[in-house]
Amino acid sequence: MFESIAFYALSALVLTSALAVVLHRNTVHSSLFLGLSLAGVGGLYALLGCDFLFAGQIMVYVSGIAVLVMFVVMLLGRASDLHLRQVNEFWMAALLICTIASAGLYKIAHAFSRSVTGAVATASTDSIGRLFLGEYLVPFELVSLVLLAALLGAVFFSYVDINEALP
Amino acid sequence: MIEHAYLIPLIPLAASFIILFGAKEDPHSPLPWVGIAAMFFSFCLAVSVFWDFAVGTLMLPYQHDWRWFSFANSVAGKSFIDSFKIGVYIDPPTAIVLVVVTLVSLMVQIYSLSYMHGDKRFKRYFAFVSFFTAAMLGLVASSNLLVTFMCWELMGVSSYLLIGFWFEREGPCEAQKKAFMTTKLGDSGLYLALLMIYAKVGSFQFPQMQQFFSSGYMPTTAATVIALGVLFGAIGKSAQFPLFIWLPDAMEGPTPGSALIHAATMVAAGIIVVAKLYFIFLAAPLALETAAWVGLATAFLAATMALVTYDIKRVLAFSTVSQLGFMMCALGVGGYTASLFHLTTHAFFKALLFLGAGSVIHAVHTNDMREMGGLSKKMPITFVTMLIGVLAISGFPFLSGYYSKDMILASVWHHNHTMFWILLFSALMTAFYMSRLLFLTFWGNDRDHDKFHHAHESPALITAPLAVLALFSVIAGYGLARDGFVEKIFPTPVLASASVAVEPPSRVSSPEARMPIESSEYSSPIAHHPVEEAELPHWLALSIIGLILGSMMLAFLFYRGPQFQTAAAIRAALAPLVTVLDRRWFLDDIFLWLVAVCDYIAAAMFWFDTNIVDRIFVDGWGLLMRIFSEVSNFIDWNFIDTAVDGFGGLSNDLGIGLRSLVVDGQVQQYLMYAAIAFSLAATLILAR
Amino acid sequence: MLNLGLLLPVFALAGGALFLMFIDLLLPSTKFRRLYHLAWIFSLSVLVLQIAALGNPASRGSGTLWIADSFGSFIQLIILFTTTLCLLSTLDYRALPDRYAGTYCALMLLSAAGLLILISATDLLLAFIALELVSISSFVLAGFERKHPKSNEGAMKYFLFGAFSSALFIYGVSFYYGATGGTQLITGVAPSPLLILGLVLILLGFAFKASIAPMHFWVPDAYEGAPTPVTTFLSIAPKIATFGALMRMFGIVFPASSYDLQGLLGLLAILTMTIGNFTAFFQNDVKRILAYSSIAQAGYLLIGVAVGTLRGTEGVLIYSFVYVAMNIGAFAVAQAVGEASGSYCLDSFNGLGQRSLGISLGMTFCLLSLAGIPPMAGFMGKLYIFSSAVESGRWWLAVAGVVNSVASAYFYFRIAHRMFFRAPDNDSGPLIVGPYLYGGIAVAVVGVLLFGLNPEPLIAGVRASTPLLP
Amino acid sequence: MPMLSLIVWAPLAGALIVLMLPKEKVKTIQGVGFLAAGVSLLASLALIPQFDRSLASMQFVEKWSWIPSLNISYFLGVDGLSFPLVLLTTFMSVIALIGSLGISHRVKEYFFWFLALEVGMLGVFMALDLVLFYVFWEITLVPMYFLIGIWGGPRKEFAAIKFFLYTLSGSVFMLLGILAMYFRSAPHTFDMLELMRQQSSWDPRFQILVFLGLYFGLSIKIPAFPFHTWLPLAHVEAPTPISVILAAVLLKMGVYGLLRITYQITPQGFAWFLPALVVIATINIVYGALCALAQTDMKKMVAYSSVNHMGYCLLGIAGMSAPGFSGAILQMINHGIIAGALFLLVGVIYDRAHTRELSAFGGLAVKVPVYAGLMSLTCFASLGLPGLSGFISEFLCFLGAFQQWKWATTISVLGIIATAAFFLRALQKIFLGPLNEKWRDLDDINPRELASLLPLVAIMIWFGVAPSWPLNLMNATVAHLLGK
Amino acid sequence: MTLERYLMVSGGLFLIGIFGALTRRNIIGILMSIELMFNAANINLAAFNHFLHPYGAVGQTVALFTMTIAAAEIVVGLALLLAIYRNTDTTYAEHFNLLKG
């Protein structure tokens, strides 16, 4: 019962704030809603018993990414933007696409209307750790390379060369 | 000598090349003598062959073949190497025709020495004449129908060259083209006949073909079709109705050339080929009948046209056409002997007439008879020889034309009385218009003083050939008709027995031929036309002489004075008819119209080619593109109505359509397609 | 069994990248150019090592999430070769400031390492991470001319499209996980809607990298904007590696035939080549033309995947191989012209035939090869690919392929047309080509001719490589 | 001594040498070009005495493995069908090279492409492996594209690309047909002779499909209606020597393929298509002639006359009889000679007058008698005047076709009249009538042009009077072809 | 609670993400939308792990990887955006149309 209430509440939170992210005129607000939505997703993880994931979600997404985005938004945002429409002329087409796709996704989901949870939620950190250092060792190491590349890129792009900056 | 008969055509051929390439062009070149010498040599050869035959020391036919080329052939899934032969086949008619041709050509060349003297293409003319004669001799002497056809075509091209000899003027150019094209039209019939003959017989050797047709293997329908094809060829070449239109125009060429083309050689070739292939006609009664009627129509129509023409050469041209009609008609009614006899005599007197006319033209520098008159005083030799020629062609008793024409009339009389009367009327017209020519030209007073004043008798090089030909015009008829010699020379072929013993056909290629013969379907081996050693009833023969003399008298009455008012009055009275005749029964107009239609069709075809067929490719691609672009437009609701600007002629609808997918270069447009792909995947895959 | 040794080349490259970054710190700024040399030597030595290991059975086998088979190593050779040549041609590309050489080379090597993993991966997670490694490196590489708005824009579009398709890919992986309970590629899974949708989404994710329609839209923009050596790299290495991965997935593990995906793949193949060829008609920028051309080439390659037979697989490998030669040649000439004239506009090719006949002929040969005209290598590749379609009875694919080849000849010949039929703009002398670029062109042209005239070694090599380990 | 390889590759060697020469050394380049083409010509002439005319099988066969994994071999050989065409090619190449001496612009490239073109043409006639055949077939396209596009007339670029795309779109379908045959054979092979042996077990439906693919490619090259429209454009825009090659050799590749591949490997498809082929042949003849009649540009007229003449070849083939085949092959040779000469002649006058409009001339026979004579002779040869080479082949074609297709042959024979009409009209407009004063200073033909024309004219007369020499070359083969 | 509900939430989130990616004019908006799509995938993974494959934590691990990758991507993206903003002074997607056709 609690689970249902929590689920629906969290779902509503996730979806409405997601809608707000994509629809809100003010990009700053959008980024705030993004954090909210991501937090809601974290809540869903918790409901599913994914404790480590929940923690990761809050730490990486809500406190990392969402804040980073907000930071950039504020860096690049301009007051004038608030008066501009933030949705382009494709919205009708996009809506159509999403409507069409939703039918398919609904059908997929519907196939699992009877599958209820079988296992009791247990702490999964242990098995995650084993996977990280066992089967998924190489991906784990590889991710570091990805992050390294991302880092290189980020540095490269945001680096202001003294010589270049001069006129 | 007979074993060297192959030299008869080859020597003039060689001479023509020597003349053409022997030296630079020179109005006074001595090279034409080479041609004359060559022709004399050929003439001597031909005469010796004929003489040997006439005195009985030589048995004709003579045949000698060489292998020409071999090619693979296949019948019913079996293939083997077949070969064509090239060779001479001389039978009595051939022998005499060779003599006639070489003689006329010799005379024409001698005559031309003077006539063409000083022309800037003097030498070339003789080369053409020699070549032309060579082709004619080859046609006559060949043992292989294919070679005959080749010579036939070569003659066509040399007549083309001769008619257009003075190509700087428009007239000869048009005339030569017309002559070539018209005869070419006829040739296609002969060409098809050749194809059919080969398909049926499998050989082009005359003896083999004769054997095949005589033995009755040939279905009548096939024989008829073949014969009609041959006939069509002859119609073109021998200027029969309705293809005679080219001949009057062909008078644009040098007059001696006309004499050669229209007296002894090219126009006779049609008759000769029909005669050579007479065995086919014998197997095809319908074709024979057609030939007769075509000849009749030609004889009649041409004669009518000659009545109203004032151009001296044109009159002769129509007269030629008319006489050829006589010959064709005679062939059609079975008068083989008569026809070839007339061909022989006609060659002499028509060459004479042409050369005489040339002499006149040479003297007065006009073709229009209305500007002549009274020339007998100035040009006595020409006049006398022309008179002989006119009398001969009119059928004046005991001159050559009398015998041959009489024979033709006789054979027609025995065939069909209606035809006879029409033909007789044509003969009377012949007498009339030839006399008219004579009277207008030589009689009466001079109508054009200036021209008359300058006129003078031609030099000996011109008059001598006239005299020789006049001599032959006089004696040829009697000489040949005496003792039925003509029957010996021109024995009417009959189907029942092959006239010569030849080896059986090496091969009978047509599959039908191997089937048992069903009597109803195949022509019977018995001749349809039993040979009639017929003569006209005496009363008729005599009255014909009278009528001919009468019509000559009539011509005298009409055209005697300097102004020939009588004729003019009659002409005025019959104005519509005269117009019809002047316009040559509108046949020319019909042909011009046909040519125009052809041009129009050609233009339409070309339009079709550039605007329709060509676009199959260009727009084929375009269509492909359009289909794709429709598809992409369907996807792309940001349809951009882009003006199609052709690049490189390739339709670019597809490119435009595809490009419009991304024309804004906006990233979300790109994402859109990815999303569409996603949604399609999500729905379509699951709709299974 | 971890069997990490099988990933040795990857580690070598990644280590090389780290090493370069380290050296970068130590080198004085005047000598940054040496980093390029270092990088290509690195790449080349890995290539040599790989070749040396070809006959070594110890270098074959499978690890937990990866596999080292001859199929993979064949494609790895192609990738390493391409990387080497692209690094070399960078030496003759002036627009890149030397001071970023370290970053550039490191990213290039990382990207190559990612591709090596991608081709060996038998696990979707590993493949995903490899893809991301490649993507992120190439986003940066594509935008490497930081001050250049076109480069920026191309990188941005590339990035957005890439991120979007990554999302699709991982969404597909999640379905795959739902259907199989893992991320490893395993055979014999019953086709359920969940699985199929997952596979299709994964296909779309791969399609992004391989520039298969409808995920190709970024290609022309990114290619045009990116520095030319990077364009060369992007047009070859990721594409071929992705095709390798695609073939692993749809050839072996989820045979397209048993999952009803052949029609879809065939359709995508036709769509891809049609879009590529027909859109290329109207381009006036050579890099863009070549970009669309590379889209079209992906379409031809996809035919081989769609056919799914052994011959199709061989065809893809052969075609990939010759594609490297001809594409490198074409891009190298384009770069040489671009360097000389400062523009990649078609007009800058005007009269090249009169200026430098050799280079123009080389370019012509490469273009002919791309159009699939004998006796160039491209013809042999197409012959093989189309013959696989004919053999399996998919006439429509072969017909679409040949029709597209004809259409493609049109725009390839637009370049030849400019080179030979137009007069040079002004009295410009022979084209000056840097030594490294010249070498690249020479290698490519020799390859194009050699493998066109004597494809036997290539075919034999491919035949030895095709038996895929499951 | 692998003579056939020598013939094929000598021009390539020449091309490579030309490529290495500096472009200023025009004389050397020309010399190398002549040397290379001359080696080919001499080698092919040297084969004549060795060529056994009584054999129907392949001679001088060279077979080496080329791509063993696909069972593709380097397989050359000639028989009575291809040997005359090889001779024609080597011969016409030298003639065209003589004509090429007039090219003064970018000589190096010209000779390079020209020699490359010769390699392709020769290879097509010798290859006995379908892939090899296809490779050579396509090799001809590219040089041709450049030769038309660089040295052509005003619309050369469009003509070049149209030629290229048109022929390429045909040949790719041929490729599909080849592949289909490959996979049908067991073991898979591209060997033509082997396929000829195996074809009897293929079902008619398959043969028809394959035939259609092959025919599409071949018919474009021939060119058969309705795929002929590239020809007028390409001919008109190409430089003179290239028009010569195009007409003399390239068109023959299509007919050759028809006889070599479709007839022998897909006979059932061929037989199935015969009624259509005969209609196409008739259309080619009549329609080509009529289109030629509508032309005012000499070169275009000659181009359409090629359409018309290739119709004779098709008709002869459609007859499915030995005379027809002989005629078709001989017609190929003769048309090569005659059309080559015609294009050379048109080039001669174009070089002087810079126009090819028929109506722009008039009365030239007075000014340029030698030229007029040669032109007339060639025109007459082309319209099938007996005694010149066109006649015999035309006649054999008709002879072969007539037994089976009476009506089509009849219509075609009537088409001859149209052929005669357009040639005569052209002759009249150019040479006859009053002299157009504009051309008062026109020069007659010069020795170089004469040197390229006289051999052709000599052959025209030779083959017209005594066709046994070319026919003997092909007789055994043709007999074998039809005697199956 | 059934898997269906979770899948529907995830699907909804994914579609909202797609919608945003297609329609947000601001590039940052697009980036945020793509983050939503990644999260949708993660919900799927977690839910499948929980409902269908409860033994082991592969789904969760993959989700963690995804999170990391998404973070890496957004970092690069934002840096790129910064660089572009410096050059062009805009963050609106439709302003980037130099390259087209």
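So that you can tell them apart, the chains are marked A, B, C, D and E in the order they are listed, and the count of residues begins at 1 in each.
Going forward, contacts are C-beta pairs under 8 Å (C-beta built on N, C-alpha and C of every residue); 3 or more make two chains touch, one makes a residue touch a chain.
Because the structure is predicted, anything quoted here is derived from the model rather than measured.
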Any chain that touches chain D and chain C: B
Least step count from chain D to chain E, where 1 means the two chains touch: 2
Chain whose average C-alpha position is farthest from chain B's own: A
Comparison of A-B and B-D by number of C-beta pairs in contact, larger one: B-D
Chain nearest the overall Cα centroid: D
Chain A and chain C, separation of their C-alpha mean positions in angstrom: 31
Separation of mean Cα positions, chain D and chain A [Å, integer]: 70
Chain centre separation in whole Å, for chain E relative to chain A (CA means): 6
Mean-CA-position distance for chain E and chain C (Å): 26
Sequence positions of chain A contacting 2 or more other chains: 88, 90, 93-94, 97-98, 101, 104-105, 107-108, 111, 136, 139, 143, 146, 149-150, 153, 155-157
For chain D, residues contacting two or more additional chains: 161, 165, 169
Per-residue multi-chain contacts in chain B, two or more chains: 621, 648, 650, 659, 662, 665, 667-669, 671-672, 675-676, 678, 681-682, 685-686
Every chain pair meeting the contact rule: A-B, A-C, A-E, B-C, B-D, B-E, C-D, C-E
Residue ranges of chain C in contact with chain B within the complex: 156-157, 160-161, 164-165, 168, 193, 196-197, 200-201, 204, 208, 214-215, 217-218, 220-221, 260, 274-275, 278-279, 281-282, 403, 407, 410
Touch list for chain E against partner chain A, complex: 1-9, 11-20, 22-26, 28-29, 31-33, 35-36, 39, 42-43, 46-47, 49-52, 54-58, 60-61, 63-65, 67-76, 78-83, 85, 91, 93-94
Residues of chain A defined as touching chain E within the complex: 3-4, 7, 11, 14-15, 18-19, 21-22, 27, 30-31, 34, 37-38, 41, 44-45, 47-50, 52-53, 56-57, 60-61, 64-65, 68-69, 72-73, 75-76, 81, 84-88, 90-91, 93-95, 97-98, 101-102, 105-106, 108-119, 121, 124, 127-128, 131-132, 136, 139, 143, 146-147, 149-151, 153-158
Touching residues (chain side chain B, partner chain C) in the complex: 621, 624-625, 628, 647-648, 650, 652, 654-656, 658-659, 661-662, 665, 667, 669-671, 673-674, 676-678, 681-682, 685-686, 688
Parts of chain A lying in touch with chain B, wherever the complex brings them together: 88, 90, 93-94, 97-98, 100-101, 103-105, 107-108
